[in-house]
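Every chain is named by a letter (A, B and C) in the order it is written, and numbering of its residues begins at 1.
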Amino acid sequence: MDLTYALAIAATLAFSVTGVLAARIQQLDIIGVTVVGVVTAVGGGTLRDIILDVPVFWIADSRYLVAAALAALITFAFNDLIHRGYRWFLYMDALGVALFAALAVMKTLALGLGSAHAVVMGVITGIGGGIIRDVLLDRPTLIVSRELYATPICLGVGLQLVILQFGLLSGQQAVIAGVAAIFSFRAAAIYFHWHMPDLLTLSNRPPPGPPGD
Amino acid sequence: MDLTYALAIAATLAFSVTGVLAARIQQLDIIGVTVVGVVTAVGGGTLRDIILDVPVFWIADSRYLVAAALAALITFAFNDLIHRGYRWFLYMDALGVALFAALAVMKTLALGLGSAHAVVMGVITGIGGGIIRDVLLDRPTLIVSRELYATPICLGVGLQLVILQFGLLSGQQAVIAGVAAIFSFRAAAIYFHWHMPDLLTLSNRPPPGPPGD
Amino acid sequence: MDLTYALAIAATLAFSVTGVLAARIQQLDIIGVTVVGVVTAVGGGTLRDIILDVPVFWIADSRYLVAAALAALITFAFNDLIHRGYRWFLYMDALGVALFAALAVMKTLALGLGSAHAVVMGVITGIGGGIIRDVLLDRPTLIVSRELYATPICLGVGLQLVILQFGLLSGQQAVIAGVAAIFSFRAAAIYFHWHMPDLLTLSNRPPPGPPGD
């Protein structure tokens, strides 16, 4: 459990750093930077807990809050330096997403809810913070990008649920399998610049009708 | 009650379909499509339940979630075909908005809250999902359009509350009156392309001052 | 306490008026205007209460709701007249932000939470409504502007927490000190058109790399 906690704090730091670096082209002030870092880091889990009607995780443990704020401030101070390691933070961010999503599944199942809820909570926890960040920064949200962000979560969480359903592995091993699946897929998407194939993308052909309609 | 439930599921399907069709000009992938469909369908009721601090309706009954996700996936697969019936889905969407708003009023009153809260909850339930969808898709929200969307809800819910206040009809009959009023007004607005008259629209004249100020 | 309540209602009115005036260049209809006014006025406190998992303040007392809606409608009717007094409403808005933030601190501490939570809740209560308004109106949020809005809250709340921590003043006096600090700083920023200095603003230099990368 200690390892899980250390990883969750590391993921929080990574979320905050990538959130601030994503805001780099906008002239945010130091307070705005902190808000964006914190919101990116804790936004998804906050949505999950509010919808599940359980205490919000960073209300119960303010260390997540402090970690996210400090990471944002450090990124503010050394943003050129940290930006050079941007790619590494993307992988840490991917690991964080994987961990948070897989743990959200266990949290949801522990409340007696089913697989549909577990998938939704995994996705909300994984992408909620990034979406709120995009809205705050007034830029297209990651839903309209074709980047593979929610897809690895869905597939990895699906694998985790199948393993649990058929009792193939213990709960903890299923989490590890879910994290590994989400992270591998997301990391490969970052490394190889994968995008969703056209077949799985909504046609943007104009609706049938006379031209100029 | 069975009829109400069937109508609520039908409304959920319609919300999801119109949500996905609204996203058609953007190159959403299959996961993004599902997120948009589900959020459009359940977003308003989710906001209502969180603010009222009652269990979120799709946590208590995951069929809403599954219905919305399936409708989104089917719309993804047959989007050209379904787009041809877009107009019919707009009317189903209008019926769904009417039903959800009128039921939100009863849910709010049943908690011992008053008319002001009932109107607000009707509006939030009716337009919340559409607003979150617009934000996710990074396009102007329906608040800044002059389309008659919230107005039919306000008037229909007002009628429903007057009927209840003066004991003119039973609770169930008041719901039917509210649904009929909201749906008729919204359907007429769709059919006749009604927009809010200038008199009831905020002036966009520049503020007084020297030119070029 | 009566004075606090009267000030909170006055602040609600001011939030709603400034919210509607901010929407003036967009052709909102009368219902949209009311939604924007109410959301600007109660949005921040709503987020705070949902995250703290306490009853939402305007559910417990609908007078906030009615005050915000009436102020929005009056601003709609007399928007040219009221726009001439815009500057005065900015100062009333600043007083409202100061009051709401300082009271949010006490509410948070009264729940047994710590300083980090108190700062976050002060900021959320102070700027949450304005951010939701900006998102509804599809314009850049106040996070990406360099206006001094969250900064006075952070500094004033920090002062209030130091006073409380060291027992320098009573709780009520600490609130007055916090309100005075936030309001003075924000009012000075409005009057003198202060913006965040470059030193405290994230560099918008392009990331290092070959041109055209």
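Keep in mind that, in the parts below, a contact is a pair of C-beta atoms (placed from the backbone, for glycine too) under 8 Å apart; a residue touches a chain by one contact, two chains touch by 3 or more.
What you see is a predicted model; the values in this text were computed from it and never measured.
Enquirer: Specify the angle of rotation obtained when superposing chain A on chain C by their C-alpha atoms, rounded to a multiple of 5 degrees.
Expert: Fitting chain A to chain C on C-alpha positions yields an angle of 120 degrees.
Enquirer: Shared interface numbers for chain B and chain C above half of all numbers used, same, or below, different?
Expert: Under half shared, hence different.
Enquirer: Taking the mean of the CA coordinates per chain, how far is chain B from chain C in Å?
Expert: Inter-chain centre distance comes to 28 Å.
Enquirer: Can you tell me which residues of chain A touch two or more of the remaining chains?
Expert: 50, 53, 135
Enquirer: So in the complex, the part of chain C that touches chain A is made up of which residues?
Expert: 50-53, 113-114, 116-117, 120, 123, 131, 135, 139-141, 143-144, 146, 150-151, 154, 196, 200-205, 207-208
Enquirer: Sort out for me which residues of chain A touch chain C in the complex.
Expert: So the residues of chain A in touch with chain C come to 20, 23-33, 35-36, 38, 46, 50, 53, 55-56, 59, 62, 65-66, 69, 76, 79-80, 83-84, 86, 135-138.
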